[in-house]
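Some structures to go through are shown next.
Presented sequentially are two complexes of chain A, the first with chain B as partner and the second with chain C.
== the complex of A and B ==
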């Protein structure tokens, strides 16, 4: 990675307080960089903190600790007003394509909102710009006067993407953008995201749990477990030579297209521990097939194993 | 489906709406419609039964009951709509703020609402009226305060559910201010239930106006209101029952019309959302 990163997260963490005053550490000490035009995929089981991490990058959830740099600006210290102005550079695509569009507003109204808020286009130009946006995501300008309920799931997600690219952002956080869609539509949306990336060099933080989709779209992959990154590296490194036992177990659960290529499947025992009671030492030690005494006490830090591939494990 | 088509499919609601429009017209044109001055007394004409000259008869001072009921429509409707309207605006503001921002704001608003809810509306109305003194605007203030927590609670509940919608987060992520998000995305979703509740509380306000005027805390004699027509009539029940009957029917019809209209509005909004 040569170019200066679009966005860097440095040791960000999030504590949620439960009603009884117990602290749940949803995200703990997460750091990564996203280069211009790059897609970093964030994968992990549900509840591992990937969505929280994505939202913290945009300060839709305020981080409890750590810093986030957009280019050279530390956005964690920006005032609310400056942060609003900053939002035009960093946008979000949501998991629920229906829920993320107001049912009371036409597509045109929804897509005009970004222009209006940032004072980018005059009211007269908005119609043209909305038409251009709709065209860009494979819809037609006549759709601007319709309501979200008149569209299919895939079309709604196209509208959600159109809203995200309206201001030509440098970074889009895509929070499981295809997991709510039919498999046949998923590919179309993933291809749309890739086409847009080729045209605009936008960077993606692609949050997903579907490893097949990630393999298709990602340049680099970060694997999260209980709020921490356990492995991060180039897509081929992580998929071909996974080093963390958790990554190995995840990948072994993916169905292989060639039946003769059956790697032995690693079955993890037990459930993911609750984020409100993260195990001591390495959070994974309770389910790890190779855990030792040391893993129960000492927390492994990320260390570079191969160029660009880092893992948090004492034993690999 | 247009709004008119929906209305035509709900004849009861439409009828209620027509009655309400007529009532408003009566309130506006009461002086022109009244055959007599509602305040002119005539001892010779006291306690008359309904006749062609006096449609609803006369009271113990010989005042024309029909003219008094017509004029009373004004204070009843005015108070019946203004006090819930004030309560709705203030209550919505508080409830939305609490529901939207949560945390300390919500706790403060919530406790204030709980405190006001401890008092029945009638009691709170009497308390405030007693503190401010009797009179029309004092009564508006009293009932406005008494109704406020009802609206605040509904606004807060609706806001809480809307606040979690992803499109709220989407608007914020685009860069909208909270004020714009509230105005554009929260308020339209809250206003539906509030409108329904508003029509129902208008009915209650009219009833309470009558009650408080009956207790002597509302519209002051000799100006007529439905409540004090009944109050005066009660003292003279055996002289002439017509003031009580007339004003009673006026209150019943109005309250019923607002309730039925409220039901129709609710159905209308449900249909709109189902489509």
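== the complex of A and C ==
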């Protein structure tokens, strides 16, 4: 990865105050780089902090600690006005496009908004730009006059993607962009995201819980557990030679439509602990099949095991 | 062997003032005692409405069974008086749902809810009932059952709640368990635990299971026979090995090819064009025709024939009919 990263997160963390005034650390000391044209996937189960991390990159949630660099600019210290201008380079696609599209505006109006906010196109040009955008995401220009309710889930996600790419951003944070869609429609959206990346070299932070989809779309993968990255590496490293016991268990839990494939499944005991009561030492020790005394006391830091593959485990 | 459950030509409709929506159109199901049958389908396929029809719990007043029979242990459930159903639900046929939170009473301790389910169907002393409940909680893998029985549902994790619901469903030893998307709301590591539990319970208790899911992976993991539904109709049905190794219906094939796998290195996923059509009024022809690569004019006009491809392997498709003739 010789090119300078589009985005770097350095030791970012997020503390939320619970109702009783306790501090819940949802994200703790997370660092990664995303190269131009690269897809980094963040995977993990609910409550692992992957969505909070994604939102922090755009400062939709303010980080409590750490720094985020867009190219060479530390965006964590930017004023609200400067941050708004910065967002033309960094966009977001959500799981539920219906929740992020205004029901009372036509698709054309919604897609014109980015141009107006950033003052990059005259009103007269907007219609052409919108038509081009719709075409780019596989819809037709006539769709511009319709309202979100007139579209299917897959089409609405195309609209969400069209809005995100309107200003040619360098980075898109896509938070579970296909998990609410029917299986027969998921593949369309995955293919669309890949086509757009080939055309524009946009980078993705792809947040997902479906490891088979991630395997298909990602270049690198970071696995999170209770707010921390426990393993990060190239896709082939993480999928072919997973080293963290949590990564191994996650991969073995993937159910594939292949009844003959009966690889022994690692069944973890217990539940994911609450982020408000993260276990001591290695947070995974309460469910880990190989944990030792040391794991209950001492927190493992990420260390490089192989070129580009880092894991946080005392025993791997 | 007489089948435990035999559904024939089931048609479920919703009647509104302006329109009639057909949610299930000509469904056949066969399930033996202690068998596991999976229904797989996307949104609007009719899979959940089929299961509610079996329980006679279709949303009222719009929903009704317009046609067909549901033979359970030799009698047609549709011919029974509505007042006879509560005795069957829970005792003979039990159901678990995707979201246990909405099925559990939030102000009642979970142990009491399971006990109540037991008292509803059996005359049993409280000491004996308590013992049965503890035994069942242990069986479904709830640690420290004596303590957890005093918990309220909101104090339990999603996985534990699903276990409680399974315990409540099985406490009267029903002959048939209907599981509608039982793991869809759960994290993958918890999904593994719950599917493992369902398989183990079927082995130890011998409860026949009808599992309904949108997830081909879940179906491949637990179901012995599979029914693939789309737009209210059965597209294909086969035993598990045949369905996944030799799918014949273009919809089944397309769906399986659209799913990314851990061990494949295709650059592009197979795409099924268009989107799932919402359920509408009864229409002739194949509901998948507008999205099908192999569609021909007849597909939009006439219902496809059901082609028998092997023992228990049926596909409803004009293109398949042409290929085998």
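We adopt the following convention: the second predicted complex is superposed on the first by the 309 of 316 C-alpha atoms of A that agree within 3 Å, B and C clash if a C-alpha of one lies under 4 Å from a C-alpha of the other, contacts with A are read in each partner's own complex, and residues count from 1 in each chain.
Basically, a residue touches a chain if its C-beta (ideal position, glycine included) is under 8 Å from a C-beta of that chain, and two chains touch if they have at least 3 such contacts.
Because the structure is a prediction, the values reported are computed rather than measured.
Once chain A of one complex is fitted onto chain A of the other, the partner contacts of A:265 are limited to chain C, with no touch recorded for chain B. When the two complexes are overlaid, the chain among chain B and chain C that reaches more residues of chain A is C. Contacts of A:87 after superposition on the shared chain: chain B is touched, whereas chain C is not. By the touch criterion defined above, A:118 lies against chain B but remains apart from chain C after alignment on the C-alpha atoms of chain A.
Of the two partner chains, neither chain B nor chain C is touched by A:56. Of the two partner chains placed by superposition, A:295 touches none, neither chain B nor chain C. In the superposed model, A:182 makes contact with chain C only, not with chain B. By the touch criterion stated above, A:101 is placed in contact with chain B alone, chain C being left untouched.
Common to the chain B-facing and chain C-facing surfaces of chain A is no residue whatsoever.
Only residues 42-43, 157-160, 187-193, 195-196, 214-221, 240-241, 244-245, 254-256, 258-262, 266, 268-273, 275-276, 291 of chain C touch chain A when the two sit together in their complex.
Put simply, chain A touches chain C in their complex at residues 45-46, 152-155, 182-188, 190-191, 194, 209, 211-213, 215-216, 239, 249-260, 265, 267-268, 271-272, 287. If you check the complex, the residues on chain B that touch chain A are 165-167, 169-177, 180, 184-185, 188-189, 273, 275. The part of chain A that touches chain B in the complex is made up of residues 58, 60, 84-85, 87-88, 91-92, 94-96, 99-105, 113-114, 117-118, 149, 160, 163, 166-167.
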